[in-house]
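Following: one structure in structure tokens, then a few remarks.
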């Protein structure tokens, strides 16, 4: 009869209304400032630069190779290479970025820079509360504001950070072996020369 | 479904005088297309839709493509008589000289139609039509009377590329505002200069930003 | 509208004007509560009845195609999320399919299964939101939309835990997917899929036999099958008019042949049929999801030899298309051997489905124009590209 | 002349002015506040007709269909009728049967007018 | 000494306020009451442009309830709204309409530029039809970076806006724009020229620091 569909609909909303007192499934509101839902691990907002050790400037992994600057779709990264070099985590002297700006008012948080970075230097943060009324200064992050420690990276992306560290440690180990091998070869080459030298005079200590 | 060659012969038999050409497609998808001359395009399209065996009743996609004037330079051996001093006597000796010859193939605008058949559920037949050149001869016959799907898409190709579709019921700009003058999707279009604030400018954006800065400072100087 | 609308548009009014009152030209303009964004319809009214309706586009023309021709192939993937911003994963899949067709790239088994699972989840949350907005325009202000968004939030949580972003997933790569779908994600998907039938039943209880919905939608905005085919209409709107054309069944792309699912068809082609086709498509997507989640194989989630960055396809062209929730979404790429395509063209289903908006709205009341427009289900990012 | 306060209407007057004051006070306050603090800055764009963000072409004072007008008139009749019914509703317990009959005739007369209009098809919206 | 000149932002002695509060007497200044009233019922205008509008709708839905901030009522007409959330890409074809709507809103009015596109053109700033940020024509109060910003980011922006309204002083030097006479009340609507919008930006709203590169 007429109106039967309406009653079924009202029954449905009544069941949802009654259910909302009982089952959490029907009461989905998250009271944002007081009650925050934990973000999933892979959640991404804006990029940040990872640094090892305590001093952010010395520990920056970025070597200013500018691949992320070229690959960024909206072109919102600006890098200026440094004149001098600083040793990186393996000890090899590398260039570091004198300036590394990201304009987060243009960034589309697409994580392509993370994907193309060969040095694991840039990762995605999940910090999203960045509303500001300062248009020009507040939305252009420079090197200092972008740098975060490796511990912070472990805190927000635990599994991913663990993999990255494992890979880096393994690279470090390989690099050291290579260095040792090179040193051993050099020592082997230098040994006969050393044998010849003592015949002429005292060993310079 | 018939192959492109069979369709070509079928059209030639049905539409007398239609010059057809198969444009090969280099990618592994091997979707070769049929280039129809503008004069017989309407009749060929009507045949493709009404033919009992093909029944291409669904026009899926109309695309405009802008091919610029191509400058091809190739090295060519030319033998030309050259006056030469041979042991005191001037004689004409032909000599092969390598020259770079610049040939300019005029660009054109192209409309590509992807046709499918909903009745027989078979795959894309690609129809191409090319205009005379990129400046004045830019008319192509509109296929809207045959497939109503072409109405908005042809208006978009007109709006962004400048191909004038004759016979279109309502050819106006569809995406840009009516007062807009250029055809923005052409390869040689330069977009307006609003590069005032480019904090992360590098490569060509940096060039545009510096050009803008120079323009505004000279403007302020006057 | 410099000159009067009747002359400007040189099509004669298709219905007789009884000339009792003057005609009123009004713009249901870019800023209008019922136009799903910035879409404008210039309407000529004779009292309440619509004499002429001229859609105006371009208010969200963000130049996807020009950007597509300047940035590389990989950089274009996050832009495809922003085309139809309700279904970012199906946009990704359509673009990845086109590029894979252009370079002849194979896709491993597991990646195909993941693509089907995510595409069907996207279809369900898109249809639920569309019905929510459609009933909102009929006057049910908010209740069905609340139900629909409650389910959509669950599906978006899964997308965020898998790809990192709720709406802009940027997940598919040429030859597979960017990240593997771990067992935890699969269990989350199973949990959602087990909860969905109850949601669709609730939705049907709320709406299907509702007298107001039936009165407002049956017999309104009727679309004849032959006009639908000729005007290139695709998707639920076409199937509601009774034409059996679903690209999952026609093109056999991906691995849809392994799943048994039916294609719902309507008879009258009115708004109620479009609503019912969308509800039944949600149930069919559920069936596909159950089968896909049951027998997803292990294996690589991306073809290890696939080149992702900075690759230059051989000169040639390719047109890849899929059955997006709104219709046939196609990408037509012409490559000249460079790192970015020479021509990047998007075949937008919503834009072409609007070709027949005027034919469906002539003679209806203005209030019904809003409902007919809602039943077409368009998203402005894809209409204006 | 009996003092003002004892006349029966005095309490009515107080109540009336009290209600009036209660109604107008916030409006007055708002006007005073706007007048002293917010300087009026009208301009042409602000006062233009709002039509979905566009300049509205043509004017809205069109000669509209007669159906609207008839609909409004019928509503008006019943609106006025209820105003007459109000005092009757308050006092009809104390009235005689004849008065009820008279009011019934009044109501039925108007209902008969509505029936005629309905039959003429004024209310059906084609 | 008209009513307008007397200063209303004299601060109430905090200890006295707490003491009286204990005895159940509530002490406040007119300015606090005025700002509290404005802050708690900011009615946004229904103004969705693109993808950010979907996140704005998701914010009004059950899970991220915008009604808890007094902003649940989305008024379609600018006459009844006092906050414009520019959520999505402002194209050059839409820019005149956005500025006209802003002009037609009643003062006091606020603008939230939601998402990268509204602030600076975002990922589409290379497009020929995209305006590089709405703050070229109208003053913006709160910018939310993100593409699209999460619903919680929009809620946090609402709290920033409410804090900003709370700190407004009714008289004196930094009183808001709509309260002082000489501040411009009209923001000219750009025309659509042959190649671009004319004028390219509104000078007294858009002041650019020169970037040395």
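When the chains are written out, they are named A, B, C, D and E in that same order, and each has its own residue count from 1.
The criterion applied here is as follows: a residue touches a chain if its C-beta (ideal position, glycine included) is under 8 Å from a C-beta of that chain, and two chains touch if they have at least 3 such contacts.
All figures in this text were calculated on a predicted structure; none of them were measured in a lab.
Common neighbours of chain B and chain D (chains touching each): C, E. Shared contact partners of chain C and chain D comprise E. Central chain (C-alpha centroid nearest the global protein C-alpha centroid): C.
At the far end from chain C, in terms of centres built from Cα atoms, lies D. Put simply, the chain farthest from chain B by mean CA position is D. Centroids built from CA atoms put chain E at 47 Å from chain B. Centre to centre, using the average C-alpha position, chain D and chain E are separated by 38 Å. Put simply, the C-alpha centre of chain A and that of chain B have 44 angstrom between them.
Residue positions of chain C touching 2 or more other chains: 29-32, 58, 61, 63, 66, 78-79, 150, 153, 168, 384. Among the residues of chain D, those in touch with two or more other chains are 52-54.
Touching of two or more other chains is recorded for residues 62-63, 93, 97, 101, 120, 123-124, 126-129, 147, 150, 208-209, 213 of chain E. Chains that are in contact with each other form these pairs: A-B, A-C, A-E, B-C, B-E, C-D, C-E, D-E.
Contact residues on chain D toward chain C in their complex (touch as defined above): 51-54, 56-58, 60, 62-68, 125. For chain E in complex with chain B, the touching residues are 92-93, 120, 126-129, 132, 192-196, 200-201, 208-211, 213. Contact residues on chain A toward chain E in their complex (touch as defined above): 28-33, 36, 45-46, 73-75, 78, 103-109, 128-133, 135-136, 138-139. Chain E contributes residues 62-65, 68, 116, 119-126, 133, 135, 140-147, 149-150, 152-153, 155-157, 159-160, 164, 208-209, 213 to its touches with chain A in the complex. Partner chain C is touched in their complex by these residues of chain E: 46-51, 53-55, 57-58, 61-63, 76, 88-89, 91, 93-94, 97, 101, 123-124, 126-130, 147-148, 150.
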